[in-house]
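Have a look at these structures, which come just after this line.
Okay, so chain A shows up in both of these, paired with chain B first and chain C after.
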Partner chain A sequence: MTDQAEELMKSGGMEIDVIPVSGELNVGPQHPGSGHLRIYVRLNGDIIEEAQVEPGYVHRAVEKLGENRNYIHLIPLVERPAILDSIHMNLGYIMAVEKILGVDVPDRAQYLRSFAAEISRIASHLYGMGILAIFIGHSTGFMWGFGDREVWVQILEALTGARITNSYVIPGGVRRDLTPTIVEMTRKAVTYMRRKIKDWENIFLNNPNVKARLQDVGIMTREQAIEWGAVGPNLRGSGVYYDVRKVEPYAAYSRLDFEIPVYKEGDGYARTLVRFEEIQQSLNILEQIIRDIPEGQILSDRFFKQIPPTRLKKWWEGQRRVVMPGYYASFRPPKGEAVTRVEAGRGELLYYVVSDGSAKPYRLRMITPSYRSIYVMQNLLKGVRYADLVSIYGSLDYFPPEADR
Partner chain B sequence: MQKPIDVLSQALQSKKIPVKVESEGRASIEVEKKDLVQVAKVLKDLGFDHVKAVTGIDYPDQGRIQVVYHVSSYSDVNLAKVIVALKTWTNYKELEVPSLMEVWKSAWTGERETYEMLGVRFSGNPDMKRLFLPEDFEGVYPLRKSYKIKTEGLFVDRPS
Partner chain C sequence: MDSIKIKEYKKGDSSLNLVTGHLKAVGTGVKYFVKPQRITLKYPEESLSLPTGYRGMIRLYKDVCIGCTLCAMVCPADAMKMATDQGKKFPTINYGRCVFCGFCVDICPVDALKETGVHDAAFSSRRELFFSPDKFNQDFDQPPVELLVKKVKAVIDEEKGIKYVPDTD
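Up next, the complex of A and B:
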């Protein structure tokens, strides 16, 4: 028997043939991570020679539907691309509409917008961190990311009435006011998160396995980041100081004190560190807001006056909420166009709204941060090892529904 | 210190490029198709280093499509406050615009999307193929005004 085996297999079966492997591989489209996306990869051995990012599996035709709905009906629609960061998607759109309408927003509402936006940012970063963790095989990070995010989602629920897709920001202000319960919840959550960040550092950031998967992987130089048009933490991880909250302050950001973390390394680890430090900055911002928020209206006078007195008595005086005034149903803004940008969780979000004077936008252009990461990812994947694909994908915090819109 | 928007409009006016200043952070330039690349290069030399968005807008009553590039800067902290809309038009008869990828690589995604959604070809962009739409979406351009959304369902009236 033994002789036979040796005849069949040289070296007694201990030898393997090394065949140069080159070929093509499909990553996805069945949910490679945080949504449906196909990456077509051409491999030489385990080196990626070419990668083509092919989005579109979760396309919602937001821009086309945007031309067929009234302005106010579009609020829930524009939130859908990134339901876990819907405050920002909502805010950018409303800012564009307000610009065309020429509405001023009361101070208190501006602070509340920043408040909701920062909570959304923390939740978005924790979500991204969880996805990155499971991508690189760290399931504790996944559970923690989603578990800690729950805290912030509950605050949003108390504030807006919904966990996600909050539709909180409306033209001229916000829908609901801050209550003492929410302030108390925020204080607790800030303390909790600061404690948890220490744990995150111990188990995730300083974990040698995590470092091995992220450090020096997917390096994007400063020049490349600018040329490819990277956004958000990915851009700041490559040494570019750019954050819309500083460049073109909106909501209450010009009155809040915070810093923009920037790292020069440009690798996946730098991008992760930027996100962590942004969470800490957001916690500081939240503390400032609940300390400094001015008293006053949460909806512009122009719209507030249109709410019938009986409804005001029941909702505003009774529950500190505003109900939609009749004007909202199908208002016709003047002709014009507006370009607005906000710093969403994953980076810069741009809206370009063209109005022709009718009740529907003539053109609604929505450029999300993940949309702009498509080109970045495609370029970064060139020449890396196949095993690093997931690490790069995760570290870019790419979210397919957001990119497809 | 001079405002970045004033510096920009002076620099462009000295090069005979008509610029419309809309606010402190917004300006727009409307150019002929043939001058697009040249004006883009001037903007790049001024420090505008990336494209934020490429938008196509269909005007069927005029028989043409407008293409808008929104550009800004990352490397220059002052110019970053300004977004310039670089606008050009293209006729239905000749739906082709020179690609700005040779100036700004970041125009790639937007140009591809404008191609598939409105049917405007960008000459010089190596990837003039579909991005979000399925490969068999041939000759149908959803973001044209002539494309009507079909609604279906139990309670939707039959189209007349």
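Up next, the complex of A and C:
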């Protein structure tokens, strides 16, 4: 008994006559699994000769719309491309706006940003694993991924007031403070997740069926990963130690102790393992934040002073949430430009904002991690079996709306 | 920067590992078959009460409103617009456009707007989604009429993930 095809058949079963029939196939755009993407595949037998990945079916012109809206109006808009990871989408944009405004963010707000971002990362990875599981025919993993994600979504709901489109980070800080209830919820959720991860290992990661579908499939070497511009867990699955949280720390990450999981193999299984271990690291980070979070304000002094005292008493002292001063409705930042990077769930997310001194940004550029996966996927799909297309697609954790923006 | 550790996983399981791998996977499945971990909410027999501060439907307190137009200015979706009613300006809302970001509630200098926590309103036509100041001034918080509805709240459990317990208050 072996799972090595080479031992069963010489040259990995390739000596079976491949009838040289060429054909074309459309995978998608109507939902090849997780979204709207067309993969145009040229086949020879069941070997993919060429694959063209065609994004754009859910393009919403976020960048262009950004030029016609006030800075504050863009918060809900920029999180729409990846609603399952909306904290990161929001955070990167706000960091760019803060750079132009020249605002300092209080320590407690920085910790809260990391807190929300790590919850968002766990939820995003669980979503990705669920999608990968259903792609390779593992329905249990799909149900578990979405079921366990619900736990983290509940915490975000209690913290921010909305399940997925949180709009939590605002220039100068965050909107709501951590309450004892949320701390208690998080403690329980961390314990639950640690326990559930053992079952995840048994039923999904160490499952020989899953291993057979993912190991040695879609191998991306270290050099290729760098050349093709892979980001995030896909890059780290190929043995490159690169994480924006370490390279260019933002929020509270310079004060938090965590590891970056890196795997050498570069195949689908390594990428899955990286995601899996990142969940465990995120759980550690959450515990640290709960322990170490400093007391203090959650909104920059500059804006905090503008809130009417009666409102402060009601909201900040009563419900631990800050309200917005009227300044936010239509502020005009000074001329300038800013580039920020954050490590979103799927990888490095870059924002470039140019301000011309008016209330609307002159230019908003966002380079999303899934966008960087398109070229990687196109290259990885060349020369593989047609059946491996889904497992490569799933292991890259590609999310079409995020790539299309 | 701390030390860089590049890991490798073990490839090529032995036959024994393959058998145990399969058995463990099936065993875990059986465990959850015997002790299922359901998080299904039996809506509408059970209805979820939302945490405090949930950004649900918004209502207006007309007597408090000073007509400053800040809510209309901050609205990212242009859902909130100002209308003149008896010589005074009041906000109107179009729920067809609202994204429930809650910016209007946060920016109102006199707290004339409130998040109600109601999220399951239904409308039979698109015109009904538009709320004039008078309609906007009414409360959403109506207790469900049907006795069948049981209010539950979601709590996080260390063993089951999410558990629904009856909401007493």
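Keep this in mind: the second predicted complex is superposed on the first by the 385 of 405 C-alpha atoms of A that agree within 3 Å, B and C clash if a C-alpha of one lies under 4 Å from a C-alpha of the other, contacts with A are read in each partner's own complex, and residues count from 1 in each chain.
Going forward, a contact is a pair of C-beta atoms (placed from the backbone, for glycine too) under 8 Å apart; a residue touches a chain by one contact, two chains touch by 3 or more.
Fair warning: this is a prediction, and the values are worked out from it, not measured in the lab.
Legend: residue contacts after superposition of the two complexes on their common chain; A:Tyr241 is shown touching both chain B and chain C. When the two complexes are overlaid on their common chain A, residue A:Ile226 makes contact with chain B while staying clear of chain C. When the shared chain is aligned, chain B comes close enough to touch A:Tyr371, but chain C does not.
Contacts of A:His59 after superposition: chain B is touched, whereas chain C is not reached.
Contact with chain C, but none with chain B, is seen for A:Leu273 once the two complexes are overlaid on the shared chain. Here chain B and chain C are compared by how many residues of chain A each touches, and C touches more.
When the shared chain is aligned, chain C comes close enough to touch A:Val151, but chain B does not.
Counting contacts as defined above, chain A residues 241 meet chain B in one complex and chain C in the other. Within the complex, the chain A residues that touch chain C are 1-4, 69, 72-77, 140, 147-148, 150-151, 154-155, 157-158, 161-162, 165, 167, 175-176, 185, 188-189, 191-192, 195-196, 199, 202-204, 206-209, 211, 215-216, 239, 241, 246, 259, 261-265, 269-270, 273, 308, 311, 314, 319, 321, 323-326, 328-330. Residues 1-2, 4-9, 11-13, 15, 18-19, 21-22, 24-25, 27-29, 31-32, 37, 39, 50-55, 68, 70, 73-77, 99-103, 106-107, 109, 111, 115, 154-162 of chain C touch chain A in their complex.
Listing the residues of chain A that touch chain B in their complex gives 54-56, 59, 61, 63-65, 67-68, 225-229, 235, 240-242, 247-248, 339, 341, 348, 350, 352, 354, 362-363, 365, 367, 371-372, 374-375, 404. On the side of chain B, the complex with chain A involves touching residues 25-26, 49-53, 55, 57, 68, 70, 74-75, 77, 80-81, 83, 85, 104-106, 108-110, 117, 130-134, 142-143, 145, 147, 149.
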